[in-house]
Amino acid sequence: MAAQQFRRVGVLLHQSLLYPRLTCRENMEFYSELFAIPDAGAHARRWLERVGLQRAADELVSALSRGMEQRLGIARAMLADPDLILLDEPFAAMDADGVALVSSLVREALAREAAVIFTAHAPLEIAGVDLRMFKLESNGLTPFKDEGRRGSLRNLLRRN
Amino acid sequence: MKNPISIGLAAATCLSMVAALFMVFVYVPTEAEQGIVQRIFYFHLPCAWVAFLGFGIVALAGGLYLWLGHKVWDDLSYAAAELGMLFCTLVLVTGSIWAKPIWGVWWTWDSRLTTTFILWLLYGSYLLLRAFADDTDGIARFAAVLGIVGVLDIPIIIISVRLWRTIHPAVLLTRQGEHGLQDLRMVATLLVSLAAFTIMFVWLLWMRVATLRLRTRIVRLRRTLALRELAEAHR
Amino acid sequence: MLEGFGPILRKDLRLEVRTGESTVVLVSISVLILVVMVLAFGPAGARRAEVAAGALWTALIFAGTMGATRALLSERESGCLRGLLLSPVEPATIYAAKLSVAMIFMAQAGIAVLVVLVLFFNLDFGGALLRLLPVFLLGIVGLAALCTLLATVSGRVRAGAMLLPVMVVPLFAPALIAGSKASAAVLAGQPLGAVITWLKLLGAFDVLFVTAGYLLFEHVIFED
């Protein structure tokens, strides 16, 4: 029913949605199982390697640094290869490697034709990606740069 | 208040209540064994009926709210709970007043009293929940669920309490209080009183729902206004 | 239909094995309630089976409300509940899993209470304890079903955790009557056949509230 729709959506919120008293591996395995991914253990290991957390795999999430937790949170959001990815501040608390990692993950997602929508504090660029930027105001979204590409979030979604 | 339905209900309540009062105090003959105190029965039973009716509406309106999502069903549910609580309290009070001269005690764990008391507790917890919570959509759904679960529980409460008292028979409960309506005039009085209480309940419910609707509107208007002010301050 | 049930249950039990918090708190609270009851009523006397049954059920009610709250509490940290709701798992499945976790917590507390009962009341329970098992199990299914459904209120309403017993006790009243009467009879040495009416009543309560909870849970679990 309705819950099945969430198989195709990946979300990163302000909160990490990770269990602080489970290890990184256990968190990823748990969410892989929830998304009914076959061989959850191997899948979790692959993702931990992908976000560079293989050495911290057996650390409790509560022991992670903010940046590591953010990496794991993004891995959690993307682990089911969703078609729509919503990321709230994916670059927050990230070092240079982290920014590069998130950028490459976004590129990969776009390459398999997923839609990615994210928020950020400051305007930024991801190499090789044509970003459509909007300013979030109390009365809705306005295009960040007035370069003739007017549109709303709905148009953006339709185009993808 | 200028609503014709509201005025009609008010008039019907007044007329039927006057008729009921007349019949209870003048028309109906005094019951032979219990004496004058038995007349409270003509208020006691209608109160109980209305209290049960109120609970039915709480659950029904709650279900409709979950299904259709319109706030008016939530308001109806809330209003019915408040009135149900009022009449449930009246049942317990009139019951106590009646029990004292007949059974010699204010309270006994008779099966019907116990059932009413548990019902009263259910109403109480529902209203406490609403009093503690902010008036949000989430709490309306929660209250609806609580109301539905409460009504589902009532048949089991009635059965269990009846079994509970049969297994431990009450010493005090010796006579079947209200099955002795020998006189046709007593039946007529009871029916008129039931009608009067039902009409009054509907009228009160109508007014309470109207008040709650107004409150919802005020809350909404305030929110819109605050948002508009915020937007203007930004400019 | 119950896809995701196993992982949630396993995850919660793993968390509990790791910290042991709920077990320790629930067992000590229920044993303390039992001690209070025994001190208040005295362990001896003709009505000791009734006192024992009453103590058991009082302890269970509080263990039940706390257990169900604990079972949902693990999801409140770091917004994990949202993570669950944003996964393909049906809300009803989450309910089933949390119901099972709450039941396991309550069973632990109940077993601790039973052990202490045997010691304190110095009763030759033996077979009676075995006959108590169906009454006990039927009782905690209904209690867990009710508590899990309503425990979603804590964290949403001010003082929600305190409000939970206020809502649970009147709703649970019929099962409480049935459970404590049946327990008292069984502990006094009567066979199960003598309490079959109470068992049926408990069964009806369980069926009703498990079904209601399963169907209604999705309406209470989502936050705004």
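Just so it is clear, A, B and C label the chains in written order, and each chain counts residues from 1 on its own.
Methods note: contacts are C-beta pairs under 8 Å (C-beta built on N, C-alpha and C of every residue); 3 or more make two chains touch, one makes a residue touch a chain.
These numbers come from a predicted model, not from an experiment.
Nearest to the common centre of all protein CA atoms is the CA centroid of chain C. Two chain pairs, A-C and B-C, are compared here, and B-C has more C-beta pairs in contact (counted per touch definition above). In whole angstrom, the spacing between the mean C-alpha positions of chain A and chain B is 53. Look at where the CA atoms of chain A average out and do the same for chain C: the two points lie 39 Å apart.
Measuring from the averaged C-alpha position of chain B to that of chain C gives a distance of 31 Å. Across the interface of their complex, chain C is touched by residues 66, 118, 121-122, 124-125, 128-129, 132-133, 136-139, 141-142, 144-146, 148-150, 152-153, 156-157, 159-161, 163-164, 167 of chain B.
The touching residues of chain C, counted against chain A in their complex, run 3-4, 6-8, 11, 14-15, 18-19, 74, 77-80, 82-91. Only residues 1, 3-7, 9, 11, 13, 15-22, 26, 30-31, 33-36, 61, 76 of chain A touch chain C when the two sit together in their complex. Those residues of chain C that touch chain B in the shared complex are 146, 149-150, 152-153, 156-160, 163, 166-167, 169-171, 173-175, 177-178, 181, 197-198, 201, 204-205, 208-209, 212, 216, 219-220, 222-224.
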